[in-house]
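If you scroll down you'll find the structure; I have some questions about it.
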Amino acid sequence: SALTLEAADRIAAAGRKAAAENGTAMNIAIVDGGGHLVYFSRMDQAWLGSIDLALKKAKTSVLFCMPSSVLGEMSQPGGPVYGIEWSNDGLVSFGGGLPLTAVDGSIVGAVGVSGGTAEQDVQIAQACVQAL
Amino acid sequence: SALTLEAADRIAAAGRKAAAENGTAMNIAIVDGGGHLVYFSRMDQAWLGSIDLALKKAKTSVLFCMPSSVLGEMSQPGGPVYGIEWSNDGLVSFGGGLPLTAVDGSIVGAVGVSGGTAEQDVQIAQACVQAL
Amino acid sequence: SALTLEAADRIAAAGRKAAAENGTAMNIAIVDGGGHLVYFSRMDQAWLGSIDLALKKAKTSVLFCMPSSVLGEMSQPGGPVYGIEWSNDGLVSFGGGLPLTAVDGSIVGAVGVSGGTAEQDVQIAQACVQAL
Amino acid sequence: SALTLEAADRIAAAGRKAAAENGTAMNIAIVDGGGHLVYFSRMDQAWLGSIDLALKKAKTSVLFCMPSSVLGEMSQPGGPVYGIEWSNDGLVSFGGGLPLTAVDGSIVGAVGVSGGTAEQDVQIAQACVQAL
């Protein structure tokens, strides 16, 4: 099953709604199962530096089929994949990237959220995932 | 004056409506006056290679305050800026990128469209600009 | 409000004056609110490797609306944004980058200073900010 | 002999004066004999895309000890160095980059100018060179 623009639009809208309730301004990126961009929106006043973070969190999640934060645990100094962020033209390995999983269990894409604390980013990404 | 997400959303929706009427599937990217991404959407079935083209057409238009096609006329072999596409981490100098100009004449951003022929891309970009 | 070249020139001159008093040779970069370079000067004998550091400190500060050193506190191993330096084509997350804030509170750009110890860089960046 | 900041500042000021007389807004970059940035200024309202062009024109001129336009004649399709723009992390091979030559004939740096037509850029670069 493929990720439609209609679904991506709905997912991002849910994220923006949750962000507005939190009083945060988020960048939200949604990629398909091949890591290609389907949708992106930047809320007014969101950090410019978070555009790239949102894009790379989504890419990171779908490339390794896991939350970006899980990769981050493994890429700490001394960890099993220390330095992995240099690969794939740049990964982001802290929280805010989550896979999008279809009813049949297949990963159809990922969402990347950036604009607040890592904790806030994760919370908004979860709101996005629940809207799939 | 700054480009809001609300305006970008409306601009892209106008472009998608025009594309659907044409039977084409377009990638539409909208950047602010500094070239930073505000909005992106890929219509279902649109070429994957056109994602980067749409992004770069929008960037190209805003960085030089002109339609991407105008830069393309000047960058042909023997032309005054032959080879300019290699600058700025990559430009795209054929049709489909147009500046977004506010009522006061200032350029607040640009739109980049890719997914059809250059002629179709320009037509959809014009539909976007008219929705500003 | 936009950052003029006249203001950038004045800001950098204040930084060079403070550096000369310290006996240090600094690279000073000033970017606008979109992270685009407005002004750069390298004092005679300043380290060549500090050119890029000054440019990236300024970019880092404006992209995240904070001193580069604050980002650095959060990007340590185990910290919430460990590895963020790999994003945005390279960030620098130690001291010497400071936002430039207008009277109305909006961030109109940033200054990045490099050439001495991190402590000296911060001191010169502060002299720059006070000249805005 | 080395290019001092004092000289670079004087060179750029001469370029800006000539540009103001022409009614153009220019980006002016000055590099030393090793291609490292010494000075940069962007006049208010100058194209953002010309920042990178000015930087790369200066780099191109000093790396090959010739005006950037001379390299451009040789890099046309069928020419002896067709495609050279892809080397050295990106060159710019149209007019506006000129070497800075000391009294003893040694090349101490280069200036790169961008913001108008190629013809205007060359004219301002010549004004810069004459101020060395």
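As written, the chains take the letters A, B, C and D, and residue 1 is the first residue of each chain.
To be clear about the criterion, a contact is a pair of C-beta atoms (placed from the backbone, for glycine too) under 8 Å apart; a residue touches a chain by one contact, two chains touch by 3 or more.
Just so you know, these numbers come straight off a predicted model, no measurement behind them.
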item	value
Chain pair among A-C, C-D or B-C whose interface repeats that of B-D, sharing over half of the contact pairs by residue number	A-C
Same vs different contact residues, chain B with chain C, by half of numbers used	same
Rounded Å distance, chain A centre to chain C centre (Cα mean)	29
Intercentroid distance (Cα basis), chain D paired with chain A, Å	42
Computed distance of Cα centres, chain C from chain B, in Å	32
Whole-Å gap between the CA centroids of chain A and chain B	25
Residues within chain A bordering two or more other chains	48
Graph class of chain-chain contacts, one of line, ring, star, complete, other	other
Every chain pair in contact, whichever chains are involved	A-B, A-C, B-C, B-D, C-D
Residues of chain B that touch chain A when the two form their complex	2, 4-5, 8-9, 34, 36-44, 48, 51
Touch list for chain B against partner chain D, complex	34-35, 60, 62-65, 77-78, 80-84, 86-89, 91
In the complex with chain C, residue positions of chain A that touch it	47-50, 52-53, 56, 72, 75-77, 85-86, 90-95, 117-119
Touching residues on chain B, where the partner in the complex is chain C	32-36, 89
